[in-house]
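A single structure is presented below for examination.
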Amino acid sequence: MSDIALGCDLTYEITEPTTFLFNLSVAMTDSQKILREQLTVTPQVPMESFQIGLPKNRVQRLHLLPCEFRLQYLATMSLAPQQHSTWQLSEQPYPDLPPEVLPYLNPSRFCESDILGNFAMREFGSLPHGFSRINQICDWIQREIRYEAGSTSAQTTARDVFVQRTGVCRDFAHLAISICRALGIPARYVSGYAVNLFPQDFHGFFEVYLGQRWYLFDATRMAPVSGLVRIATGHDAADVPFATFIGAATLIFKSVWANPIGGQSPGNTGGQDAVSTA
Amino acid sequence: MSDIALGCDLTYEITEPTTFLFNLSVAMTDSQKILREQLTVTPQVPMESFQIGLPKNRVQRLHLLPCEFRLQYLATMSLAPQQHSTWQLSEQPYPDLPPEVLPYLNPSRFCESDILGNFAMREFGSLPHGFSRINQICDWIQREIRYEAGSTSAQTTARDVFVQRTGVCRDFAHLAISICRALGIPARYVSGYAVNLFPQDFHGFFEVYLGQRWYLFDATRMAPVSGLVRIATGHDAADVPFATFIGAATLIFKSVWANPIGGQSPGNTGGQDAVSTA
Amino acid sequence: MSDIALGCDLTYEITEPTTFLFNLSVAMTDSQKILREQLTVTPQVPMESFQIGLPKNRVQRLHLLPCEFRLQYLATMSLAPQQHSTWQLSEQPYPDLPPEVLPYLNPSRFCESDILGNFAMREFGSLPHGFSRINQICDWIQREIRYEAGSTSAQTTARDVFVQRTGVCRDFAHLAISICRALGIPARYVSGYAVNLFPQDFHGFFEVYLGQRWYLFDATRMAPVSGLVRIATGHDAADVPFATFIGAATLIFKSVWANPIGGQSPGNTGGQDAVSTA
Amino acid sequence: MSDIALGCDLTYEITEPTTFLFNLSVAMTDSQKILREQLTVTPQVPMESFQIGLPKNRVQRLHLLPCEFRLQYLATMSLAPQQHSTWQLSEQPYPDLPPEVLPYLNPSRFCESDILGNFAMREFGSLPHGFSRINQICDWIQREIRYEAGSTSAQTTARDVFVQRTGVCRDFAHLAISICRALGIPARYVSGYAVNLFPQDFHGFFEVYLGQRWYLFDATRMAPVSGLVRIATGHDAADVPFATFIGAATLIFKSVWANPIGGQSPGNTGGQDAVSTA
């Protein structure tokens, strides 16, 4: 367990009446206790809060007239992921998967698992099933895809990344998810904060259904899995953008952070333990 | 209200142990009362039934060894769609949309609304909002896309159809959904049966959130909207395939039907009334 | 006839041994007489000159060690395009096209005419053939595609532009070429300079085979056709990049210009006359 | 040297006036002497013969009214490829490549070498340059891409094949060409006949510029390289289709063959000798 201070500070130049959806509050789960939380907007406007998609995706909607708009989110939270020994984490055979995870086998906007099937089967199909296979998928992505800021856009899909061999965190997650689904392993996208991520920013990672539970993975391996904080969960990044708007707005300042309180860093599990916060 | 006898008869040649998911039972909703229903499989094997995705998607899972496998689904049902005068069906402004419909603004596997935004805004952005705008989108698709059996595959997306200008019912629905979402109108895919569809087959159509409710549209206009029977609802066809399997199976016979009982045909609403069964 | 002073001034930061191909010298044709020309490179290195592709594409190859590298090209030339009345410019039927223009009916890297056939035939297939049809293709592109600097990349194709509805000069040309080829009209890409283009830059336009000759068109309509100066001709932009290199170089300064000498501006033909410089 | 009897027999159902281009006559080169050749069409119509593209692409154009149309091509030829020891076949550095081969470094319709660069460099960039590197590219394609008749269409590109991992001969060639170009090695497409190909059909292979010359490779390895007979040469298959038409025609019968005369089969070079017929 570790206590974490996290948040973000965003400023937008708004030039027309604009409605925003923000999806950047920490999800409230058994593993994620919020100790204190504050969302401040300047100018002060009414803000509607609700949940969409998976039960825990907390969304704020607010409407703004032209202005310079600032949103600050500050939270301290206690992160207590379940850690399980990896050797016992088997993949469930298709006939035994619980119905609620089956949708996470379908292809989605950024994860064309239906197209990557031949590759996935040839490269990973004969590996021993279970946690180690997911790790080997991450190994492959690490080795073959270069992390390169700015190399992709909001419309880049797993197929594109597979071809061009560069991407950022969300692309790495999309490719990993696509490969898992193509192998019959339910996989989904998680947006969040990450302790000890450098440079600090929002982060995108993924989780995979093994044994009886969803386990977190970070295909970029840029931050320890035990320090990943969930904001929202979806089929892929299309479901859980940090901010969406209709109108005219330009992001002119962004700062994001997630720091351990008291300096106790989340340890890297070194591939020894699997981490679940779902 | 009309009573309908519908069903399907499918035969697969199965050459390896294979697990199927079938998604072809009529959804049970206020507008769709099932009077009698029978799902028969030969050989007789245990069948697990559950719901996934939206509450009403009924799925059967069954496991088969190599054999010739036959599935027969027979149902009689009473279809009582709500019909509303179209002139009062306005689009809800983005700030007023209820949270549960917001996910149907996101792009999905086969509906790249994020890419078709400029086209949608230029072609349909300045039309009067509401039911008539959706009708004009269907008009445009009717005029510009040629229905051509076999012209697309299971991987064809709305973007592909927009470029190649041919498709089948699911492609027509995907393109219409993409345009609606790009305009800020929640839209989703419905798989189903259709009375008076020729040639008879499973059908794909879509529904759009107008006023306070989801209304059905069929971009192919090959069957009356008031005779559309919902099987399942999803972001797009990726969520609601009639049959999925892992293993090795070949469909060698398919028959699908949906006939009014007693000959009372569902009338074509002639664009006068909007139809809702959600 | 008009005399034109044109050129470019490019500076690269070179950080590894780098070989460049430059393709920015004015083509020498019956319509383009070079009066004076000077290509200066700093530091002075040996430069190899040759022609590739179509007879008139003049290329320079040079090899550089890490340095700040500057290339200046200065030319004065006399531009005497043939101008023909447009009403007599018919399309040649497929059986009558001379063999040497047939390759310009094939799809190419950035011009997927094989995919845009249905659209092209439905939108332009029944228009009267000839010069006016090409003009109507340019009208359509003008109306439907928004010129937006930075909206596309070096890998953007006509198909992409057709979907996203934004692009720059080379994209406009690629889309026009694709539509022409899909209609059975030979079309090819021309890189060049353009008098009275604003903002000044290299330009991309296209030419179409009508009657017995290639005629110039500019789908952007940002500069008069009678002031278009040919550098090179190819299937599409893949054949005639202004600069290519293997190594490591960053363009840190670029200036391009093309100005009438003595102030006699090339007149806009106003759709009255067709212009040929091939 | 071997003598070969080859040809094809095609029948089309023609339902509208149709103009054909055929590109199936053996190229006349120093390595390919035509001993006897006959092209018969039924019904007998005038036939125009010319060359387009590279000097040696022989094309026939003919115009037909609705009918059942049969074309028979029969040739006996002497194939005397140059065979060179492979160890001396180096790649030419970019600054030393002769101008006429430079266009074969550009991306083309079906060979998106500009997109596959990162992959090509990571997978093959550090291998010893020369003949063996091309062989290793073919090894990789053999291992990773499954030959599957009917798995691709006339619009499938190297990128598609790279993702879906299935294809036919032209797809194998396109992927190999793309990788070579991305590595700075000129590569182009060759359509032809192939002795001992099974099942017999037209074939697609490629050639690569090594040392001072173009050498043949067959990424499918379905037939000995020394028995490959060139019809036509192009950037990719878009340049050299066996048959193109404008009109309405359906191929209803096709037979293609290439057999050694007197039974002397072209030996498989076993990777020992490089073969050139350019």
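Should a chain be cited, it is by its letter among A, B, C and D, assigned in written order, with residues numbered from 1 in that chain.
In the analysis below, contacts are C-beta pairs under 8 Å (C-beta built on N, C-alpha and C of every residue); 3 or more make two chains touch, one makes a residue touch a chain.
Everything numeric in this text was worked out from a predicted model, so none of it was measured.
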>> What are the mutual neighbours of chain B and chain C in this structure?
In response: none
>> Averaging over Cα atoms per chain, report the distance between chain C and chain D in Å.
In response: 31
>> Taking the mean of the C-alpha atoms as each chain's centre, how many Å separate chain A from chain C?
In response: 45
>> Counting only residues that touch at least two other chains, what does the list for chain D look like?
In response: 115
>> According to the definition already given, which pairs of chains are in contact?
In response: A-B, A-D, B-C, C-D
>> For a test of understanding, state which residues of chain A touch chain D in their complex under the given definition.
In response: 115-116, 118-119, 122, 144, 146, 159, 162-166
>> Residue numbers of chain D touching chain C in their complex, please.
In response: 19, 21, 50-53, 59, 61, 63, 94-95, 99-100, 102-103, 106-109, 111-112, 114-115, 154-155, 184, 235, 238-239, 246
